[in-house]
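One structure is given below, represented as structure tokens, and several questions about it will come after.
The letters A, B, C and D name the chains in turn, as written, and every chain counts its residues from 1.
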């Protein structure tokens, strides 16, 4: 039941080649590499390249005319073609291994995080463009003034507007390399203002991205949890609005077989609904609960510590409900409150609940 | 229907002169420019300046006594007068082209982003002034202490309070150029405290700006979306409070002609209302839907993948409603729920819905 | 009516002495000051010091045994005593003027911003202490590891744990002066982790402060606005919960006499309630509205542009209500909705409303 | 009643040894330490080490087979074993004292802040891993491009991808040590983009951590406050949903004996419920109030200043309710409103309330 899982094929064909490939690319860039190591790493790159040829052929065969194949096919093609092209035409031998850096596109091909980022950028495009415009305007204004103020004193750092723009971008982002520093009073006051503007502009940038992500993650989560909640019979009687409220309050939790879910004597601040799998309750008369059952409600009702330890009998998918949301759920749904309370009462009299 | 759009006059008279003008200003600041290039760029500046004279005359003529003309007129005047003045009086020839940098005001003249920034700054003025005061006080206190602690050890960097203030502002903003660094233990502890204060002060600054923007964007969005929503017949029966809730939940989306809106077989997490334009549903019996119609509701009701691909027949303005908000809408508005469900049922029996 | 206001005494006795005093302190720290300037500035300091003696006496006299006098008295005493003490005992003549820097406490004595900061720090003390502890632990751990890794390679920068802590604090806050930089691979990986931790720790710091401020400002605002709202007769009929909702939605706005509040032909996204003062409506038949009246509601009801320009006849205190909140207010309060709609209808038929 | 509290044993056995131990470790790392000081500090370390041996034995004895002993036992074991091992095997004498740095684990053993951090990291693991992946990908892409662009011009700083990654991480986190700076135009444009990405990535990082903490603190707070609220008789009549709303609005406050809670003549913006302890009301006829009583409600009802000063007679635990939430509470709970109003009326007629 707790056997060591065999690594799935996807790890072998997806994660490993990319990881080793990129590692080899990084190491091969080291100029003082022993010839033997270099040869070994180059051989590794060739092997991975062969794997990717096979993958390309597989992609062409198995997904002949499906929708959405386009992006995947292009990535697979690039993974093969770019290193080949570099091998054929690159004048600098270091560029051949560097070209394999294109393999970083492989994991992005089907990463949900990447798709999430792309979606957020698309949703917030208008706002982000607005912020970039403000950033650009502040940058140009700062550079023009800095050039005007410092050009004669420091021709090396501020002798032209492009040079002053480099200073401005380093200062606006509060990176502050220290390679160009205004010396005049006017230049320093300007620098202070640029830093304050920079914080403001980047705060907007950060705020838009962060809230955009939060929103998108919330929506993704809702869709995933909705399916879990609809698998719990207790909630079947609810209408959509109550269900939507509960979906937001519940947190999914995956517990491996054998793990302890709650421990006798602990303070309990949440109860659990079983979506999948079975749990064992270690009471005087041990009980096993299956999908659709719930436990841990007594600690929330009585405020006393857990009365029994509950362990996952198999891998379990739970939905946990926090004390705060439990009280709200109960008050809005008398029928559910009744079911939970009567179950708790039964268990209490049988010294069984947790 | 998908003909290449002719660039609108506004681009020719607004965006292009500013972009080329500023580019020329930037390039002309380069000291080692070939004489020919320099001459060409200067000619370009003269041409743009002539365009701006024409614009100034047009502004004076077409908007003789209208309200709000003031700001526009001033910008147009400055765009012409500042370079002229620089040409007449500047002792340094580099200043003439630099004076054209004033043209950056031109796009700000009628930019919504800029007006938004101005509005947020006005709304939050009191809070921002408060933060700037705190910033100023921390700055002065830090500079006085740093001067006291480091003045004898490092007279070049901390030999006067203004010098110490330069260090303080660079440290408070966590820019850290590294040109002035306290060496004594007391100075370094102070620097650590200043960094922590700096993060706090700038967090306030960032928080005020970010939430002010979010609020203003939300209000602007609401006004824009309210007009779109009132164009959908289905929502006409709703009272103001329900409408307000829906307006917040709906997201406007502009789709170009020919683009795919949803694809058969995908998981569907939103439905769509058509505000403008027409979409084609690629079912067994292809259907076209026009303004006021909706689609994509079946995937939300049944939880199954999309049953048909929907493509924009013309440029379409849609309002999309996410699964989460769909459930809430339905539960609060039985009449709308009924309409949507019966339409879905009809479509389902006709194998048409998406 | 728009006469230039005579500067109030508080400015003369409060803001000016502090501003000039601190400016003199800052300038006097400059070592290469002409003797005449130095003498003038020192005289200024003496004069301000005399003013503060008078203030101290006034404080002792006018507030003999009142509550809360303690803090004010202490500040007034310090403002007089610290410079005096410095004059009597300081070995370094520069310290005498520096001691006047204590005058920065004067404006803090009765600043609301400062009291707000103090309240937020008190409210969030527990959380802030938690974050500072985490910060301290990360700092020590990072410094110990960096010392262990880099002590032999760079004894100057990492030769003891206190030195390594200086590097750690500069890196944790992402200031990055660049005076101490790890050179070994282990040290650089550590630096990367420290930067990531730093961002996290400071994000918590920033988040706690920013949300604490937002909360406190919201509460302060509520108390202020509650008094304004209760001055509007239209809202007198409302119960506390509806009133609380409206108070949150309304924004106070102070308009000087003669300023334009809304302009004919503009898009209207808010309506206004008059708390104090009078406004003039520039319609065919000019009208003046006084305290308790409202205007600008027609643009929200019809969605059309403003039909008249409204100007402040005297200094006016308004409460503005945004379109979004207007719809919600109307839907929850049928009586108010009726009053506003009938007023709008009357005005519409009289071509008067804005 | 206000006697100086005797330091509790936990401070003597927990906080002090760690604080002194770590201080000694920090100081011992200083190379130029006088021999006497060094000896003293080393003796201190040995003493603390002995204390920790005693603690280890105590832990083994008192908690023989309890749940959750594991982590505590491991920490206690490490605190003893690591310095011992270092003493026995370390080739460098400096490592012996350094090994005592492991004692920093001691306070973490039972710190709630640490447990909170661990819980947040566990809750947000999926999101944090996503952000770290994005961070890693941006890092690698930036390093490969920077290496390609700058490797020939600056072999020392960008001569291999690992070197370029150091630059990339310093730039992504906007730390900007300034030891590696791109010189080419392409490199500088890349640097600007990396800074913008960096701000975005770290904003996500910060946003996830900050909101995760806020959520967890909110839940912890709710559980703590729930117990306090249920001790106030006035709220006993409420159902769970109203109670949940009140719990969120109330703020716990611990006041030492003798402190003034509210002062006659101040503006009142909150009322108080007594959970534990007694307060004295300094009216014409002084009154003492005990657990379950409330005061300060008159200022909220009448809007007038406090009519009496209230002082803590013993150490008091209060729940404070802000004006805003007071109005909402009253409007939703007519029974409570009635009780509070009638009490206020009684007190008002007796000139007693505050």
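Here is the rule we use: contacts are C-beta pairs under 8 Å (C-beta built on N, C-alpha and C of every residue); 3 or more make two chains touch, one makes a residue touch a chain.
Here the structure is a predicted model, which is why all the values come from computation and not from measurement.
The copies chain C and chain D differ by a rotation of 90 degrees on their C-alpha atoms, rounded to the nearest 5.
For the self-contact between chain B and chain C, the two sides draw on mostly distinct residue numbers; the shared fraction is below half. A separation of 26 Å divides the Cα centre of chain A from that of chain D. Chain B and chain D have centres, each the mean of its CA atoms, that are 36 Å apart.
Counting partner chains per residue, chain A has residues 162, 174-178, 202, 206-207, 211 touching two or more of them. Chain D contributes residues 22, 25-26, 29-31, 94-95, 98, 101, 104, 108, 111, 113-114, 116-117, 135, 162, 166, 169-170, 173-179, 202, 205-207, 209-211, 213-214, 217, 251, 263-265, 267, 269, 303, 322-324, 327-328, 330-332 to its touches with chain C in the complex.
Considering their complex, residues 67-68, 123, 127, 130, 133-134, 137, 140-141, 144, 147-148, 151, 155, 159-162, 164-165, 171, 174-178, 181, 185, 188, 191-192, 195-196, 198-200, 202-204, 206-207, 211, 219, 222-223, 226-227, 239-241, 243-244 of chain C touch chain D.
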